[in-house]
Every structure is written in structure tokens, then in C-alpha cells.
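Only one structure is covered here, and it is reproduced in the block below.
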Amino acid sequence: MAKKLMKGAEAIGEAAIRAGCRAYFCYPITPQTEVAEYLSKRMPEAGGVFLQAESELAASYMIFGAAGAGAKVFTTSSSPGISLMSEAISYIAAAELPAVFVNIMRSGPGLGGILPSQGDYFQATKGGGHGDYRMIVLAPATVQESVELVMDAFNLADKYRNPVMVIGDGLIGQMMEPVEFPENYEPSTLDYEQFATTGKKSRERNLIRTLYLDSDELEWHNQQLLAKFRKMEEQEVRFEEYGIDDDTEYLLVSYGTSSRVCKTMVDDLQAEGVKIGLLRPITVHPFPIDRIRELSKRPALKRILCVEMSLGQMIEDVERANQGRQPVTHYGKTGGVVPDATEVIEHFKSLI
Amino acid sequence: MQNEVMFAGFGGQGIMLIGKMLAKAGLKAGLDVAWIPSYGPEMRGGTAYCTVVVSDRPIGSPIIVHPTNLVAMNRPSLEKFAPKVKKGGCILVNSSLIPIESGRDDVDEIHVPCNEIAIASGSAKAANVVALGAFVARTGICDWELIEDAVKANFAAKPKLVPMNMDCLSKGAESARAQ
Amino acid sequence: MPFPYTRPISLSERQTHYCPGCTHGVAHRLIAEVIDELGIQGRTVGIAPVGCSVLAYNYFNLDFQEAAHGRAPAMASGIKRVRPELMVFTYQGDGDLASIGTAEIIHAANRGEKFCTFFINNAVYGMTGGQMAPTTMPGQRTTTSPMGRDVELTGMPMRMAEMLATLQTPGFVTRQALIRPKYITKAKKAIRQAFQYQMENRCFCFVELISTCPTNWGKTPVQAVQWAEEVLLPYYPLGDKKTPEDAQ
Amino acid sequence: MEPQIKKQSYKKEELEHHIDIDRCKGCGLCVEACPKDVLELTREINVKGYFYARQNPEKTCIMCGMCVQVCPDVAISITPKK
Amino acid sequence: MAKKLMKGAEAIGEAAIRAGCRAYFCYPITPQTEVAEYLSKRMPEAGGVFLQAESELAASYMIFGAAGAGAKVFTTSSSPGISLMSEAISYIAAAELPAVFVNIMRSGPGLGGILPSQGDYFQATKGGGHGDYRMIVLAPATVQESVELVMDAFNLADKYRNPVMVIGDGLIGQMMEPVEFPENYEPSTLDYEQFATTGKKSRERNLIRTLYLDSDELEWHNQQLLAKFRKMEEQEVRFEEYGIDDDTEYLLVSYGTSSRVCKTMVDDLQAEGVKIGLLRPITVHPFPIDRIRELSKRPALKRILCVEMSLGQMIEDVERANQGRQPVTHYGKTGGVVPDATEVIEHFKSLI
Amino acid sequence: MPFPYTRPISLSERQTHYCPGCTHGVAHRLIAEVIDELGIQGRTVGIAPVGCSVLAYNYFNLDFQEAAHGRAPAMASGIKRVRPELMVFTYQGDGDLASIGTAEIIHAANRGEKFCTFFINNAVYGMTGGQMAPTTMPGQRTTTSPMGRDVELTGMPMRMAEMLATLQTPGFVTRQALIRPKYITKAKKAIRQAFQYQMENRCFCFVELISTCPTNWGKTPVQAVQWAEEVLLPYYPLGDKKTPEDAQ
Amino acid sequence: MEPQIKKQSYKKEELEHHIDIDRCKGCGLCVEACPKDVLELTREINVKGYFYARQNPEKTCIMCGMCVQVCPDVAISITPKK
Amino acid sequence: MQNEVMFAGFGGQGIMLIGKMLAKAGLKAGLDVAWIPSYGPEMRGGTAYCTVVVSDRPIGSPIIVHPTNLVAMNRPSLEKFAPKVKKGGCILVNSSLIPIESGRDDVDEIHVPCNEIAIASGSAKAANVVALGAFVARTGICDWELIEDAVKANFAAKPKLVPMNMDCLSKGAESARAQ
């Protein structure tokens, strides 16, 4: 298929359709309302459900209901809207239902601004909602990758029967880049009669619930969840390395849009002879702890710099990986301006 | 080679649109492209701008503080962005609305009366396409057929508008070549 | 009601955890009987609220989802939109529906979602131990209105059925009671009507059911029925507030 | 259309009134509802510790079903005699 | 003053009154509804405002409004209710307003159960809401300490003009213990005319807002916030050490109710001659990273065990502190049953 | 309106960011004039919504709070409860009030909170670029109802004033319009009445104001006024829906 | 009671009609509202790029205030002549 | 020394209340105390229990799996908790409702017909106070005056009930001493 120029938000909408999703519930919020606008046309064409809910809260519970009834569903929102969905995300994880949430992050806290940010890393990876749940969190860096990861997100949601989140920043949502959709894509399938409320017919009834009044049962339930979360950690870690070799002295860790800035940085600095490389987490949860730990042990390594559009969130996971071996510092912006390579290079040079 | 163009002007001048057309032409040319808009509640009314990056290798950071080229459709845009253009780049000034110069002597600066040309062709609204034609002709950033195709494709749904816009595109090119 | 009077098959065999005399049980039976009578057990999905009836899913022999507090109508909307062939109902208390879930019920009703809501109004938060609800009567003592509901500070009890009936989208909105055989018979008819409209894909259906909470009212079951009749029914008049025919 | 359960008619004498005492919570609503004063609460405790309801054998049940209507615990059934 | 036997939830309500708080907005949820029940009587007596809101969401915005109008305010809830407040918490932090949130945690995720849990550690410490904000999170272990920390919470909220959270588990809320209220307590004061919407009179108008459309302004705002968060980290770390000395070989890290179990464990095991001690974070944010790091460097230390009623959340912070020096493991329960000392001792012995 | 006609002192000198012809500006002026006339600038607190008027706080010279989307009534309740001497008003759009903020406005009204709400109904989500609102008219095209609002799928436009007027708690509920001098004059009277009731500590006051959004309606300002008059006003009839006197 | 602003009466001749052209957004609502057709939009652009409104000097303004009422930008004022 | 008492029975039997009374008496005695309830939606109807911990040094973990003593007011409670009681502790069995024994031979077991005694004193509802009296008398867990004070304080608002409850308390004690 030929590449098409698409806005990130629209590409995300189309990717969902290609992944077999036929139900989308949403509430408008900048900078990703274009997903809704796109799907308000596209979903009905594809025979699917488009519904603008009265709020993010309602949208998230429509997702819950529809997922429980055996539908591939997703929603998209941006930071404050995701906060309003956090109760539902906890519920959906507890009920072990597949669902995809996309957060096109804007700058916060509070109403903040509408410009790009990566300030919801903690919320996404450590859980904005209550209780012990985790979810796979995918962080695309380009529009093309958004397409791929959104499609993967549906499969992972099915695989684990767990919510999956895709986080991008406002730039990912608003930018246009060439995209290509996989041909003959086979969406994952689930046997909904096994668990979903499709009508009991003559089978045993199915029940979607999250209440476990009996503490043994709840303990058991949580241990089941834990087993799933561990499996995710074992099987789903994804990252990209760019320009890293045995002699690498400086390691950048950065995801999403920031990582693109870092790639340019690596190109420019390597051209100057600086031994620098980038590790780009693609799953920010599960985080590539092991790989970063390995790298931190390399004798040539001298320092790690985390670049993230936040006051410093991902750095905590990098610190856990690094275990104090290398100096780890953070460079970030939070006003909504994506840092440009030159300024980060300058910052980097001030460090060494 | 990577080439960056910033299009800037009022909201309502069709800035985003000509950026998209250039990006599409670049894509057709087999290049990697990115179109990065400004967005926000200022969209209506205030300054609007977008950056188009065209490159023969994968684009790294799409965030461009110092673009190669600038197409300035109104005065505040020229004042704001002209100083940022890379040495040796091109600055197109919509002289219909901008009575001043960029003040740069290290760039290729052209002045095109986009609104006048567009009005002469039948619609003040097409000033953006005039600018696009002028810019592409001047810089040769992509093949002329490709940008023609992109403009035609854009108005495919309203075929009546195609001839007028094609006219604007080439009038723009003429004006640029004449300088 | 199926005659002879036997346990409806859409009820499970489980005994409920409801307090003696709590009319949640009556609502359960009526709904199950109607489902049996309409023969729709195999394609009906219920949604339990958070409230005393959170465990309703254990008492119905149906596919069921358990909602978060107040969000059952949003969940039902999600279910019904992706599987319109299902018969979907929410079962909600007054804290659940009239307090935290206000926006969800109003918007489901206004969108004309094709499901049924059974709204159990017992004028109090049962499950959490008797706090004031939006439906609590003036002067009624609860654990968070220890001196009785002060309408100067907290307003008047909310009449959900009347409020929903003002929406322009066609719908079926009625209020019935779960006490006294005469009201119970009518309540069942209303429940049946609601499911029938849903089977015809007609409209959103809202059946408010005045219920008792002897435990938190500090009354015996028999006193509770009396209080409901004497105090609640005058303020919450029974009857249809709106039918889809009105719109025509 | 789905199959619907059919209503049938019986004479009073053909019917049997039964209280599942282990489901009964002794709420007394049936006692109050019975137009013939047939029902009463016992002083005996069932498995769950409630004083359950029963029919007073001295009174005559007319099989009107009022008690069934009001029983929140679906403890009462009226069925054709076997 | 004589000690009084009080239920945790009621003691928390009374503590707020003693701290000068005269406005409480809430929504009932087990296991802390008794705070509301207590204050529905007590607040009017004290001339304050008691209002049961229509939801947690509404309660949290009543808090926002009232704090913005210059009142000492607080709310209490439990896990799912706190999820619903997460948008507001982010807003209140962004608006730099003082407010106190108490989370009497119940077991999750989803509706979960109503029994004690510590499963909201991440939510509390890393932020359930969106964007870069942090708050001081205090974790009492007894009813008496709940009183003290709730009172402190109001002062800290004023000091930093930032939300402060107190987390307890269901046991803290439901248990009765003897409590004593400080006499002649002087609540903190703020000059509300400086920032609150008390009516402009003839001064410049005051504005409570969180929107910063200009990216430079937002960047500056976030840097201001960061400075505050750093100050909290420097000044507010609190912890208790129990049975730790230079020879300590085994370190327990545990907070809240779990830490009481650990104290009993330390007593019992020390009696057996095991060199074990407990570090109990009182502020779980800012976390006593430095102190744990110091301890992890002690030559005698052999291992760290985190005890928490969760699947393992606090352990991530302990790992960051430990930097890989000692083996760090987690022991937890999530069904709602507080582990008893014997079982944890058994677990401990299986480790060594 | 203060005559001679001059800029009210309760407005700041800032120029608004509103689109040409957007009647948000008219609402601002009327509110400011009333505040001036009643002499309450020094004790009035406004609450801005999230919507095009989020920056309202820049245009009023008053103490102001900026709410989260839909939550202004909860914030106003918080403010008014702790400082009853203040005159508090919320200023909210239809997405803000009738969609995400449904529960908050209904419960504030039902509790009889003593503040005023000015509800700017422009039948669309202005700020986010023209999505469908609960108040969008049947068949009206928006960016999320590209074929026009389909009432079968999304129900009928919501009449908030009529719905709130059904509550039993006394209140002042009215609908006015921000177009045409004749309606604008009445709108101002209603705003004034609302503040007066608040000054008397009487009741919750709700003033719905039909407004225009030329930009997202795809119309010139003059066309927008016509469309509002011809299409909106028949569906949203102007006038008082409820006054506190009704309750007596 | 708080001080209230007093209304005063003037004769039309004592009044002055003024349009702050830099506040005007050229929406044309005043033009439409004027009962005497006094107002028109210019072809001149103000600082913000709008074709602002002005009074046609050939027509007579009756100081009725309709234009003030409808102007969303509070660009028009009517004040006593100095 | 730390002493733990578990009180268990049906909801509605006043289990929580006698636990609180004992805790208050302990507090008056200058000891550290904790009262830990079971709670939940099972409160009404199902099993209710609470644990009272009384200690002469600060109480560590209030979570007691193996209490020193048990006051069992109904059969399911006895069956569930009797096996957990520490060796040498005391088990009080409400023989009015429990026809069986604990089956333990390493504890001090007493059987008190609490309901009958209470009924005799005027109210079946006071069976809990009978049990409390019996338990305190048997174990001497606190001074008798202190528990009397606690009971009196509890009914301070309803003085009419005081004599009857005091009667139950001492009848319970008598019954225990008699064994």
C-alpha cells in the first residue's frame, strides 16, 4: 500500500479500525479531538459504533460495558480526561477486560496548556487508579509507529485481557507524517462466549465483576493478576537502541517525541566524535530495566541523561535500573515546547 | 538533504493548507516528510504557522527552531520568524500585506504581492496558493508537476475551483521567477 | 406473574443477603418473572450497581455486569450499542442513580438508549449504613443528617422520574412501588411494559420503584411499609410520567 | 418471538401453599398482607436464626397469592397439588 | 488532657477540627464513612460547614473552590473515591492551594473489597492525576498518629500551598485506640487576602487559575512548582527507626498498619537474637531515600524486606534507595487481611 | 444598563479573544453592568468554565476562579458555603454545563445553593472546534455529527432550564437571549434579578442565555443571529421557567 | 446596601457616540441593529486586521443605544459631550 | 503483659459494644488498648466479631490471629474461633445458644446461659452484658469497678437501663464464679 500523509490523531483512528475495533466512545479534548472527528465519519462507514459520551467518565464506563459484552473497544483523550478515567481503568483491569486507552498528553498539571507534554508518565505506568493493577504502556515516536502500536495495543489487550495504554504527546496527535497500514492484517480474536455478557443462551451465565468480599478470593484474584503482570514484564518489554555500541560513553534514555530529538542529537554528536547512544523505551511499562542495567555496567559508560518533557518522572525507573552505577540526570521541558536538539546538545555539553 | 519550510500568517489565510500541499508533493517525490502545525485556541484569529520538513533520509526531530525557509503571509510572522531562518535559506514575503523587508542579507528574499495576484485571478482567498507557487518555483524544493498534482488533488472535490487555483499557482511562480 | 406462583427460573437459588423485609427482593422477583414470561433469559444482561444490590448478580441467573458506583447507565449504553440484540437493564439505588450517577442516567435517557433502568428508591444509602440520599425526605434522620434533613441546607428530595420525563427524547418513565400487593401488581406491569418497549427497540425505559430500608429507617419491616405508604408515596406519586406514545 | 410462559387456571382446591422456611427471614410482611389472617410468625428459629412464618392450620388459605406478592425472599410458592 | 478511646475515622474528624478546619465536603464510602457521620454533628457545633456532595468528584471541586476562597478544608474517602478526585488534586496542586485529602485505603483494584489495603501507594506518591505535581503523603500507623499527622497535614498544606494526603488503611479507620489531642494548639494561618477570592474590595483582584496558554509562562509556573517539590524533599522527610543499630543485618521497611506488624516482628526476632530493625517511613512522599541508602551501605546489612499490603509498590522506592547493594524483596497481602507477625516471621526465616 | 453607555468598571480593559460577532462578549458586558449597578464588585467572585470563555477571568475585573471542565457549580458551592457573604456566579457553556457538568449543576440547583449560574447555550462546543453538544439541534452539522445530529442515535437537544425548573427546591430559572436589543434588554433584567435574589440570600438562580457561535456554525455574525432567532428560539423558548415566588 | 450607579437623563444633543475602532472586530452586528442605518463597515483595517465599523456622517444618529446593546466587544460608547 | 479477647457472635447481639466497654475499662486502668472490629456488608446478619487488646506496654501489631481469650455468643463463632485461642486462655460459651463444647482441653472453658440470665433480668438484649460480666469476673482482666463504670457510662444517656444492665453484669459474674 502506498504511504499516505496523515495527521497522527486520524492515523490512530484508522489504525483502530484496521485492528478490528468497531466501537469508540469518547469526549472531545485538545489535542486529540481529531480522532473523534475522524471516527464520527469512519466508524459508521465501517459498520461500527461511534458515540460521543457526556464526559470522559461516562466514556470510560461505556468502554467497560462494551468490553464486557465482548467488543474490541477503545477511547482516546488527553491528560485531564485520562485522570477522569482512572477509576474505570482500575475497574477494567480488575474485571480482566481488554480495552485500549490512548492518551495524547498535554501540558499540566491542572488545565495547564494544550501543547505537547510527557507529564503523565507516572500516571500511565504506576497507575492513576487505585489498587494493584498494571498495564502495558506503549509510547510511539512517529505517526507510523502510532499506527503500529495502536494496532498492537488491541492484540496485547486481548492477549492479557487487560487495558493497554498508548501515550503520545500533542505533537504526535497533531503532526502529519506518511503512514502505511499493514495489508491483510489479521486482528486477534477472543472467544467471547467464555467470559463476556453476550446473553447466556443455554450456557452457564457469564459474570463481569470486580467485587470480592471474601478476602481469600480477593487474594487469589490479585495473585492471578500479579501472574499476568509478571508475564507482561517477561514477554513484552520493547525498546530501540540507536547508535549504542561497546564504546558508548554517554547514554540517552528517552521515549516518544523527545527520543526523536535525541536521535538527532546522537547523529550530530557522533559526527563530532562523541560516543553517545540512545535507548528508546517503546514500552514504558514494562520498562526496559534489565537492558538499561546491563548497559549501566559497561565499563565505557560514563553517564546517563534522561530526556523527557516533564519535571523528571521516567528518571526514577532509570535510576532503579542503573543502581547508582552512573550519574543519572534529567533534562526536561514542561511548558509545551518540544526541546530542540541544539538546546539539549548544549545542555549535554555543559554536563561533561 | 533536509529542507524545512515554515509557513506563517493569520488564522484564516490558508497557511496550514499550503503546508499540507507541499508535504504531499514531497511524499510523492519519495521523500520523508512531516507537517507540524501550531495549534491552540489562538488558531482562530491569532498567528497560525506550520512547518514542513522534507528529507531524503528518515526525519529525526521534527521540531525545527531554525527552518531553512520561511513563507511569511503577514507582518507579525515575518517579524517573528525571519531572524530564525538559516543562512542561505529563502524568505518569501507577501508584499500585499507586508510593507517591510526581513532585514536579513544572508538569505534569498523575494517579495510577492500574493493577495493582489490572487484577486486578479478571481479570489482573494487563493493568496496562499500564489505564495506556494512562488516558493516552489524559487526554491525548486520539489518538481513542479508534483505541486500541481497536490493542488489539484486538494480541490478534487470542488473541480470548479481547480483552474483558478492552478492559475494562482503559476502566477505565483512567474512572479518569483521574475525577481 | 407466572401462575402457579413458583420461583422464576431467571432467579438463582441463592438466598439474598438483604435484611428481613427489604423490598429489594420483591424487585428481583418481579424482574425475573417478567424475563421468564417474555422468554428472554438467554439474551438478557443485567447491570448491578454499587449499593445493597451490588450482589444482585448472584441472585439472577443471567449474564451480568457489576458497575462502578453510579455508572451503570454508561455501561448499559456501551453494551447495548455494541450488541443491540441483547435486552439490557440496569438496577440502581437512589444513591447510585440520583446522586453520583446523575449525569449518566440523564444522558442515557436523553440519548434514548434502548435499555431499561429499574431505580430502587429507598430514600437512603442502604449499603454504607444509612446516609442521606438526594431522595431523603425533609426531616428524615440519617447518619449524615442526624437532626433530620434540613431542606434549607440540602434542598428538597429529588423526583427523578418527573425530572427525566421532561426530556424531549421519547421514553417510558413511570413510578411504582414495591409494597402492598396492589402496587406490586402494577409495578410488575410497568416492568413488563419496559421490557416490551425494549424488545420493540422503542425507547429508553425508566421504572422508579419505591422501596423500603427497614434497617436504616430504624423500623420493622411492617412499619417500614407503612412509612413508605404514608410518607413517601404522597411525595413520590405513582403512575406513568411519560410514555413513548406521548411523543407522537 | 421468544417462547412465553403460559398462564393456566386452577381451582383453589387443586393448589398447594408452601413456605420454604429456610428462605424465610421472618419479616412478617406476608402476615400483614394475608387477607384471611392465615399466616403467623413462629417462635421457632430456622437455620439462619429467624422466626419463620407459617400457615395457621386452623385458618383457611384462599390461595390468593398476596403473601407471594409481598415476600421479598421468594420463600412462598403456590403450586398444583401433585 | 485525658486519653479518650476513639475510632480512627472519628479521631480524624476531630483532629481536623482541632487543626482549625471548618469545612468538610465528602461522599460516603466504607471504611471511612464514620468521618462524615462524626462531622455531620461536630462541624455545625464548631460553626463549620459539613456538606455531603453528590459525588467524590463534586466533593473534590468543592474543596478546590473553598480552598481558593481562603478556607481550611479537607475531605476523606477511600480508594475508588480517591481515583475520582485525581483530576481535582492535579488542579489544586496546579492552583497552589492548601487542602487535605485523607485516603482510608480499601482493597482493590476496581470495587475490590472493603477491607484494609495499602494498594494506593503509587497513586498517592507518584500522582493519580495528570501532569507534574507532587504532594506530601503522610502515613500514620496508629489512631494517635492519625490525629497528629492530620493536624500536621493542614499546616503542611498551608506551608506549601499544596494538597497534602494522609493515607491509612481500613484498619486505621475502623479501629479504636486511646487518643490525646494537643492542648492550646495554634493552627497555622495564611494571609488569604494575598491570593484567595475573598472579594476584591479595593485591592487588586485575586485569581485562582491553572491555565497557562503561554508556554514560557507555563514553564516558569512548573519550575516554581518544582522548586516547592524540591523543598519538600529537603525539609519534610520523616521516618521512624525501630531497633536499628550498627550491627543490624536485616532491615524491614514498612509503613502504616504493616509497620506495626513489623515492630512486633522486630521484638520477637530480636528476642531470638536476630539482628533486625525496622525503618518506618512516616512520609511516604517525600520518601526517606537518603536514610535507606545510608543504611544499605552499612557493612553489617545483609538484606532488606519490604512489608506492605500490596503486590509491591513501595519496594520500587526502596530499590532506588538501595541501588542494588542488598537483596530487596517484598512481602504483601492484598485480600484485605492484615498479615500477622507470625506469618511474616515465617516468611522472613524462609529467606535467610 | 448605565446610561450614558460606557464601559462597565467590572470589565477589565483587555480585548477579548472571542471571534467577531460571538455573543459571549454581550453576556460579559451585561453581567459587568449589573455588578456595577448593584455596587457589588468588591464582593463578587466569578467562576470561569472550560470552554471559549475559560479566559473570562481576564475580562472581568473581579476576584475569579477558573474551574475544571463542568465543575464550576461544585466550586461555587464550596466558595459560597465557606463565605456566604460573597456574591458568587458561575459562567458556563453548554458542553461544560449540560454535558460533563450535568450532575454538578443539578445538585447545586437542588441543594438550593445561593449562587447564580449564567449558562451560555450556543448549541455547540466552541472551544474545541465545533463538536456536538447536548444542546445541538436536530440535523445540525458539527465536527462529530458530520451528517447532522441524528436524534435516533443521540436524542433530542436538552432544555436545561426546563429540566432544572422541575426541581422542588425553590429557585429562579429563566431563559433569555444575547441577540437583538429587545432580548438583550430582557436578558439584563434577568441577570439583575438573579443577583438580587442572591443578595437576599433567596435561592439558586439559573439564567440560560442563548448565544451564537458564528465560527463553528459556519455563518457570518449576522447570519448566526438570524439562525439563533429562527432555529434556536422556537426550540428554546425564552422566559421565566420558575421563580422563588412559585414555591410560596 | 451597596452604592448603586444612578441613571441620568440627557437630551440626544448632549450626547456623543463613539466607536473604539481598535476594539471593533467588524462583526457587523451594530450595522444590522441600527434602526437609522447610521452604521457601516469600512474597507479599512484596524490594528487587529478587521474592517471596523463607523457612523456614516451623512446619517443622523438618534443615540438609541441599539448598537451598544448588540456590540459583543463593548467597542461603542455613548457619553455626554464634554 | 498483653491480653487479647475476641468477642464473636451474630450481628445484632451487641458484640461490638461489650468489646468497647472492656476497652474503655482497660484504658481507665492505665493500659494501652485497641479495639479492632470486623466490618463489612456482612455486619447485618452474618458473623460479627471484634478483638480487644489490653497491654501494659505499647501495643505493636493489633492484628491478633491467636487471641488469649474468646467470648463466643453463638455456635458458628465458637466453631470458627475456639481452635485459635492460645493455650491457657479462657473460652466463654453462651450456652443459651450453643449446645456444644469447644473441644479444647488446654483452656479454661466456662458455659454461661447468657440469654436466659438476661431474660430473667428483664431483657433478652442484655445477654451481651451478662457475658461481659462473666468474662471479667472469671479472668480478672480488669478491676470490677472499672467494668462497672464502663457499663454505666455506656448507658449514661438512658439512665433507666442502667440498673438492669448492672444486674446482668453481676449475674454474669456470679454465674462464672459459680463454675
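Order of writing sets the labels: A, B, C, D, E, F, G and H. Residues in every chain begin at 1.
One rule holds in what follows: contacts are C-beta pairs under 8 Å (C-beta built on N, C-alpha and C of every residue); 3 or more make two chains touch, one makes a residue touch a chain.
The shown structure was predicted, so the numbers you read here are calculated from the model rather than taken from an experiment.
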{"item": "Subunit E to subunit G, fewest steps along touching chains", "value": "2"}
{"item": "Pair from A-F, A-C or E-F with over half of its contact pairs in common with C-E", "value": "A-F"}
{"item": "Whole-Å separation of chain centres (CA-atom averages), subunit A against subunit B", "value": "35"}
{"item": "Length of the line joining the C-alpha centres of subunit F and subunit H, rounded to whole Å", "value": "62"}
{"item": "Euclidean distance of C-alpha centroids - subunit C vs subunit F, Å", "value": "33"}
{"item": "Sequence positions of subunit A contacting 2 or more other chains", "value": "30, 51, 54-55, 57, 80, 87, 91, 110-111, 114-115, 209-211, 213"}
{"item": "Residues of subunit B touching at least two other chains", "value": "40-42"}
{"item": "Of all residues in subunit D, the ones touching two or more other chains", "value": "48"}
{"item": "Subunit A-facing residues of subunit B, complex", "value": "20, 23-24, 27, 32-37, 39-41, 59-65"}
{"item": "List of subunit F residues in touch with subunit G within their complex", "value": "1-7, 11, 15-16, 18-26, 28-29, 36-40, 179-181, 184-185, 214, 220-222, 225"}
{"item": "Residues on subunit F engaged by subunit E in the complex (per definition of touch)", "value": "41-45, 47-48, 54-55, 57, 61-68, 71, 74-79, 81-83, 85-86, 103-104, 106-107"}
{"item": "Residue ranges of subunit C in contact with subunit F within the complex", "value": "99-103, 106-107, 110-112, 134, 151-159, 162-163, 166-169"}
{"item": "Subunit F-facing residues of subunit G, complex", "value": "1-5, 7-10, 15, 22-23, 25-29, 32-33, 48, 50, 65-66, 68-74, 76-80"}
